[in-house]
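Report on one structure; see the data block that follows.
Going in written order, the chains are labelled A, B, C, D and E, and every chain counts its residues from 1.
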Amino acid sequence: MDNLSNYLILSAVLFSIGTIGVLVRRNIIVMFMCIELMLNAVNLTFVALSRHLGNLDGQVFVFFIMTVAAAEAAVGLAMFIAFFNNRESIDADDASLMKW
Amino acid sequence: MDISTIFFTIVSVVAVVSALLVVTCKNPINSALSLILTFFCLATFYAMLEAPFMAAIQVIVYAGAIMVLIVFTIMLLNIRADANKKSFHNVPLGIVVGIITLLTAGSFLARGKVSDLPGQITPNIIHQVGHTELIGAVMFTEFILPFEITSILLLAAIVGAVILAKRNLS
Amino acid sequence: MFDNVWLIPLFPLIGFLINGLLGKKIKNETVIGGIASLAVFGSFIVSCKTFLGLISLPADKRVVDVKIFSWITAGNFNADIAFLIDPLSCLMILIVTGIGFLIHIYSIGYMHGEDGFYRFFAYLNLFIFSMLLLVLGNNLLLMFVGWEGVGLCSYLLIGYYFKKKSAGDAGKKAFVMNRVGDFGFLLGIFGLFWYLGQNHNVWTVQFTELSNSAHLLPTGGIVTFITLCFFLGATGKSAQIPLYTWLPDAMEGPTPVSALIHAATMVTAGVYMIGRMSYIFVRAPETMVVVAVVGACTALFAATIGTAQNDIKRVLAYSTVSQLGYMVLAMGVGAFTAGVFHLMTHAFFKACLFLGSGAVIHSMHGALHHVHSHDDAQDMRNMGGLKKYMPLTFLTFLIATIAIAGIPGFSGFFSKDEILWQAFANPLHGGLNTFLWAMGAVAAGLTAFYMFRLVFMTFFGETRIKAGAEKYLHESPMVIVIPLIVLAALSIVGGYVGIPKLIGDVFGGIPNYLEHYLHPVFANANAYMAAHAHTAHHSHALEWGLMGTSVVIALIGISIAAFLYLVNPTLPAKFTATFPGLHRAVYNKWYIDELYDFVIVNPCKTLGRFLWRGFDVVVIDGLVNGVAHVVMAFGGVVRYLQTGQVYSYAWTMAFGVVVIIGYYLFK
Amino acid sequence: MSNILSLMTFLPIAGVLLLLFIPKDSKGVLRTVAFLTTVATFVVSIPVLTGFQTIADFQFVENVPWIAAGPFAMRYNIGIDGITIWLVILTTFIMPIAVLSTWTAVEDKVKEYMICLLLLETGMLGAFLALDLFLFYIFWEVMLIPMYFIIGIWGGKNRVYAAVKFFIYTMVGSLLMLVALIYLYLLGTKAGITDFSLVHFFSLNVDPATQTWLFLAFALAFAIKVPMFPLHTWLPDAHTEAPTAGSVILAAILLKMGTYGYVRFAMPLFPEATAQFTPLIAVLSVIGVIYAAFVAMVQEDVKKLVAYSSVAHLGYVMLGLFSLNEQGVTGGMLQMINHGISTGALFLIVGFIYERRHTRLISDFGGLAKQMPIFTVIFMIVTLSSIAVPGTNGFVGEFLILIGAYESSLRWYTIIAASGVILAAVYMLWMFQRVMFGELENPKNQKLEDLNAREIAIMVPLIVLIFVIGVYPNPFIEKMTPSIKKVIAQAKVQQTTAQAVSEAQPVAAPAEAPQAATQPAAH
Amino acid sequence: MEINVAQLFATINVATIMPEIILSIMAMVLLLVNVFVPSKQKTYLVWLSLLGIIGAGFSAASGWGQNISSFSGSVVLDNFAIFFKLIFLVSAGLAVLISDQYMERENCNQGELYPLILFATTGMMLMASGTDLMTVFLGLELMSISLYVLAGFNRANLKSNEAGLKYFLLGAFSTGFLLYGMALIYGVTGTTRIAAIASSVAQMNSPLTNTMLGAGMLLIMTGFAFKIAAAPFHMWTPDVYEGAPTPMAAFMSAGPKAAGFAAFLRMFLVAFPMLITQWVDILWVIAVLTMTIGNLTALRQDNIKRMLAYSSIAHAGYALVGFVAANATGTTGILFYMLSYAFMNIGAFAIIVLVGKQGEPNGSVQDFAGLGTKRPVLAAVMSLFLFSLAGMPPTAGFIGKFYLFSGALEQGYVWLAIIGVLNSAASVYYYLRVMVFMYMKPSEEEFGWVTIGAPISLALVVAAAGSLIPGIIPSYILQLAQQAVKLI
């Protein structure tokens, strides 16, 4: 049980770090990496819980999350490239054409 | 304090530090490399949690595929840390929010209670049958539909990536 | 017997419709005037027939209701179009249609060639119609219809020369002041209807029923309130203080209108109304005091103003106000018969005076017009010595003047003296009586003074008209003169129907016909007064003495006028030079109009402007639009939260999550 | 002809469909079709009037299921009774006049204009006829849309502001009413009510505290529409900007929706709240009467003046309705009709001179009487009707209102309100004088033409009605009486029990008894 | 470990996911067809997709009245899912119909658009019928990823690209929270099946004090709140709608919002009804915030797409009012409202598509000036949509709002209903503003460039009918919606 708590706390820490990253970074790619970090934190939670609960549903979920992460990465990076092509920048703050 | 706890502690520290590095490194490449390190740490945890298959695909998919893609993109775009440009927003407030998030998470984790219904998949069974096989059995029976959905999802992602990234026809 | 009573108002209505709708097409003045006069004459004939019918009935049966149709019915409120035939209304319709007819005839001559000739006669007919409704209506509401109807006609006729701003103003003023009175009248109706209905379950506005239930009313209290409301109505219509100022202005209308409406008939409606409801008024002693005091004050006050006016019609107008004051005074002292008597005689001589002045003005106007002078044809300072140019007019005018001055033998003497005596001897007001009598007597003196001043300035002395114009002065045509003669004759003989008992006894017991005739109408009120007031007994000597005093006072007034304006015409100017302030104040009618402007009219306009610009637009609309603006401004602020920066969006989301979870955890 | 009410209500829609197929350039045809449609609607409404029985029940009822889902059941339930009969007739009567009134003034987008007018007619008729609360609400809101366009597209300089203000102001009120409506229904479902039919709700016992809130919501919506002080500011704007037909309809019919709402819904549904709020409503009505009169007095724009006079008139109507006795309510109902006729006519008159001179400032006129004699006569008559001179319709209504209110507990308010008759004379006659009398100084006014045949034809029916109602109002009153009695009974029944201790005795007892005595006299 | 194939197939009932299958197959066919038919004209793809959508629609509708769980409880075929599927198909169909003309004009008419729309629709349908956290999550991601691409579809256009980017980053960010919530729920209940979660929660001793359960639930709520654009997770909406190709903005405003509600409703009303005290007051606040912020901000918008974006936020708020009520009436209202919203909002966007020029330089409200004169029919139809959005009777928007607010009142949320209607009244202003410009402002514009192709005119007719007819005779649809919500 202690073990589980450790994992949960650890993943919470990682999730928080990921969140901070998304909030404070300006580089889109780094922001995306931080999101990946958040997802990984969730994955860790899932696996730890799955281990604790003694069923594999959580791990299957992690599998799907990874797939989704991959798909997101593909789409996301394509979009970053398009953005860079358009603006010669990868700074999220430059994406402010539309506001108010 | 047994060996696994010590090991867990060490890996945890590495994971957290490398995660922090992801956030703090000005150079995206460094961030990416730190992230890879974090992923490896997580793979280690998965192995410790008796989920070797997860550890494997963590390395293959995340550290291998996704991070390669990211690093590749960074290289492709030839992004360097620009000293003149701010690369951070309000860091102190970010830290505050992060800490609050953490505290909140800690709070609900501490006061919460996970299910303790004993599941069928004990470490024994994993050792007997094999983790990959077990996962496969679940995935292709109970979770066949989500699995199929991922195929469409990936197809959609591929089409989308192509659409977004391909050179203009004109 | 009275089945055809409805014809009385119908004829003028038809006349109005014909002239009003088709008059413009007819064009021929004789036809138009003929139709209008004929309509009134028809009414007069039917009125005579009705009168004869009525006096053929036994005295206690002389109250007849003739219902035409049911007008308004709502719940327990019911008002019919129905006519009340009783001695009072009969007398009134005779006066209205009789004098009305004469004035119609006169107008054919007087209005000759005026723009909108047909319009004038249509209005006149409409007026006669309304006045007949007023006097014939068997319930308060129908009376009110006539009441407002005559006000409306008065408005229309005063504003007849609508191109003149002053005419329009005067018409509006008349209507609005009358409306103030109407407001009181309405409240009176409401109060009476409600009180009797609520407390005694008598839901009615009908006169006969009211009369029958009058005993249910208490003395004073609510009745005082109700009667004061009604009296407010009367002050408006009968031009009493404080609502008299419209009447002098009303002289902007054509002169026949002044004669008919603003002297003979309409303005007496207030008196008529008090008479009609005498049985209610007597039950409110406080109101009676107010009525008497207001009447006496008006009589005196208006007379003072009359002494300094130079416009011939204005003098007559103030004289009218003053005489109306007498009538109201009569009502206030419970001398209802005397009031009605004076109403009648006043109708004769004042109509005669107005028509005579009209003839003078007409002649002056023509003469001045010939010499292209813009001198005022109504200003007495431009007249003088007219008697040799217009002898008949002068004669009739003089007779009427003598009548109004209260010289014995003429009609005015009988009625006025009766009022003064009653003011002195009535059982209602105790110590106040002397004052009432004194004011009346002084007013009588002033009346004699200013009326003869008028006569002297107009007809005597040297001709002051612009040189060369005098040869165009001429006697008026017969259509104008004949009514004058008839009215002058009535001014003499009209008084003999109501010879006071005192004098009658001297001449072998000639009865007071009028008092007998009107007795059923005022029986209710008189019975109440007899029962509730202590009648003091006065000696005949005293009565003779007072009568003599008033005659003497009148003679003094005439003498002063003669002295100042015949013997020593330069004296008045010296007098005004000596007391410029007094003269100015009197000449400017004691600045009452200005006072009203200052106290009521201007504050109202200012208030209106403030309420509009200040309150409606700024506060209310400002509030409404303010809410909208605040919402919009808020929208303007909120939209800037949407910075367009991804990180700020992420921040918001993170905050949202933290707050939600935090609230959940720590609530 | 059991569907005659539906036929009447939706006939204008048929006209709209017809208009859609007419090319937009053939303006004459468009106008004629629209006019004929409104006339046809009027013709259809005549059998309703003649077949109307003088009883309190709803007649010509059509009642079919419409929506049923969840806890709600709405029915297409329409019918007519004494309260609505004259309002409906007034609507069908005014509409042809309205169409005629802007025959030449509207040259732009004639097709859309006519469509809006016809849609508006359907909305108004539906709102008057609906006996289902939900259906009423639908029509109530539907009316807004065409009116919004009429003001906004064909209006004056400041039309957009006025149109939007009109729309949103009304909308705020009616949406709150919607909440109350739903709440009421949900209360009803607990008491076994199964659909929105109005009659069910009359017997519903709502506890007084709830009544207070529900009444406030209803009253707010209606008060905005009436409009009552201090919610009236949209009206002058809307009136000033709207084209003539818009103003006419707005004044003649739309404002009546508010007062009608009180009689039909707010008062009978919430008798105790009505009793509770009567003083407030009376105060506001009286303030409205006096206040609007003062403001009207200093207006520079004729139309605005007339608009404020509307506020004053409707203050009287409200006072009459809340006196809750037969005279008062009858007067209020009659005055609704009267105001429709007289103020409608006033707006038409303003429209006539505006069409000629394109200004409405009083100072631009003066002396028109010389130039336009027929116009003068008509204007005069309508003015007199507006200031309630006896013999015209306005007098009958105002008198009944005041006497009714005086009899009720609103005595002191009545006395103040009655002084409004003075002020009305002041502002109307002053305006009349400044516009019509005096010298014809402005050279532009010297070429004015008198009314043409079309304009006279528009005015004559109104003038006739002014006198008919003024001289012989009883036929109008009689048709309403049974329904008015019923409304009073509904709106008062609990009130008397609530206050039985103190006041009920003298008020209630004589109210019934003498009716038998006076009733036969009416026939 | 042996896998018993027979047993496996016994749990599978393909009929339950037939519409999804049809759509995805059609999407793949379109991908291939697009490659092999070398036509610059893509209209045929429109009709083909429409064919697929209609086929899927029939397939979905034919299952009405059943309640079949399949794939070991991963999905369910019930009326609720079917109703929502029809909403998605309506939005997809309308979006497809209005896309061709727009894409042609904007020079980005690539055939992949249609498969992506179909994929997104498939994802939504899975969200609606998914009864497993994984199915829901994957459906959501399938939808989202397709939408990211669709938002940034016109990649050469800076705004479109930026829209895609923002949507992507924030969407992924919110996914993190959603997943964390799901993980917590998994931890507390030991399962990912919604039904099992429900029974597990029901069996718990003290579900109300288990903070992990509550936090997980609320994190899931934030994830869905992002998808339905509820405050404070709405920030992406205006930027994305403004930047995305107009037909896609239309699609996003209708379909995914409904899909978010579908999953949200099923999750919370099936799995967490016990915890209603914990989520309802938060949802109350969110509903009020969403309505108010959406409406207030929309008041000050000139860009019409942006304005409609804010309005769509407000509409999510109205729908949340029904959610807060959480009773049959309120949820019926949500279903009905989402359907009518699809019609009216896509209809309004269709008009924007028509009126716009290339690159949309005339995207502001002011540029609609004179439309009422020059293009009366278009303006009239636009007015209909706007009135419906404003909730004026007799349009579908009114009936929808009526049920939503009724639901709240039925549950005693009087203030919520009052705030709702006041918001509704405020919203009237900005809808009217468009009409003010269309009808009441003069303009020199002749709108000569406005050509109405066959697909878009079909879309307009359908949208107009869908906005008006349910407003006049709503019974049938309401009853269907009612049957649909009975099962959750």
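We take it that a contact is a pair of C-beta atoms (placed from the backbone, for glycine too) under 8 Å apart; a residue touches a chain by one contact, two chains touch by 3 or more.
Everything quoted here is computed from the prediction, not taken from an experiment.
Both chain D and chain E are touched by C.
Looking at B-E alongside C-D, one finds more C-beta pairs in contact between the chains of C-D.
Farthest chain from chain D (centres taken as the mean of C-alpha atoms): B.
The greatest centre-to-centre gap from chain C, using C-alpha centroids, is found for B. Nearest to the common centre of all protein CA atoms is the CA centroid of chain D.
Averaged Cα coordinates give chain A a centre that lies 97 Å from the centre of chain C. Our note on geometry: chain A versus chain D, Cα centroid distance of 65 Å, whole angstroms. Inter-chain spacing, taken between the CA centroids of chain B and chain D, is 71 Å.
Per-chain Cα centroids separate chain B from chain C by 103 Å.
The multi-chain contact residues of chain A, meaning those touching 2 or more other chains, are 8, 15, 18-19, 22-24, 26, 31-32, 49-50, 52-53, 55, 57, 60, 64, 68, 71-72, 75, 79-80, 82, 92, 95, 97-99.
Chain contacts: chain D has residues 168 touching two or more partner chains. Multi-chain contact residues of chain C (touching two or more other chains): 628, 639, 642, 644, 646-647, 650-651, 654-655, 657, 661, 665. Of all possible chain pairings, those that touch are A-B, A-C, A-E, B-C, B-E, C-D, C-E, D-E. Across the complex, chain B is touched by residues 3-10, 12-21, 23-27, 29-30, 32-34, 36-37, 40, 43-44, 47-57, 59-60, 62-64, 66-75, 77-82, 84, 90-91 of chain A. On the side of chain C, the complex with chain A involves touching residues 639-640, 642-647, 650-651, 654.
Within the complex formed with chain C, the residues of chain E that make contact are 165-166, 169-170, 173-174, 177, 211, 214-215, 218-219, 221-222, 225-226, 231-233, 235-236, 238-239, 278, 282, 293, 295-301, 426, 429.
Considering their complex, residues 328-329, 332, 372-373, 376, 387, 392-394, 398-399, 402-403, 405-406, 409-410, 414, 417-418, 421-422, 424-426, 428-429, 432-433, 435-436, 439-441, 473-475, 478-479, 481-482 of chain E touch chain D. Chain contact summary for the complex, chain E toward chain B: residues 1, 3, 7-8, 11-12, 17, 24, 28, 31, 71-72, 74-75, 107, 110, 112, 115-116, 119-120, 122-123, 126, 132, 134-135, 138-139, 141-142, 145-146, 148-149, 152-153, 155-156, 164, 184, 187-190, 200, 209-215.
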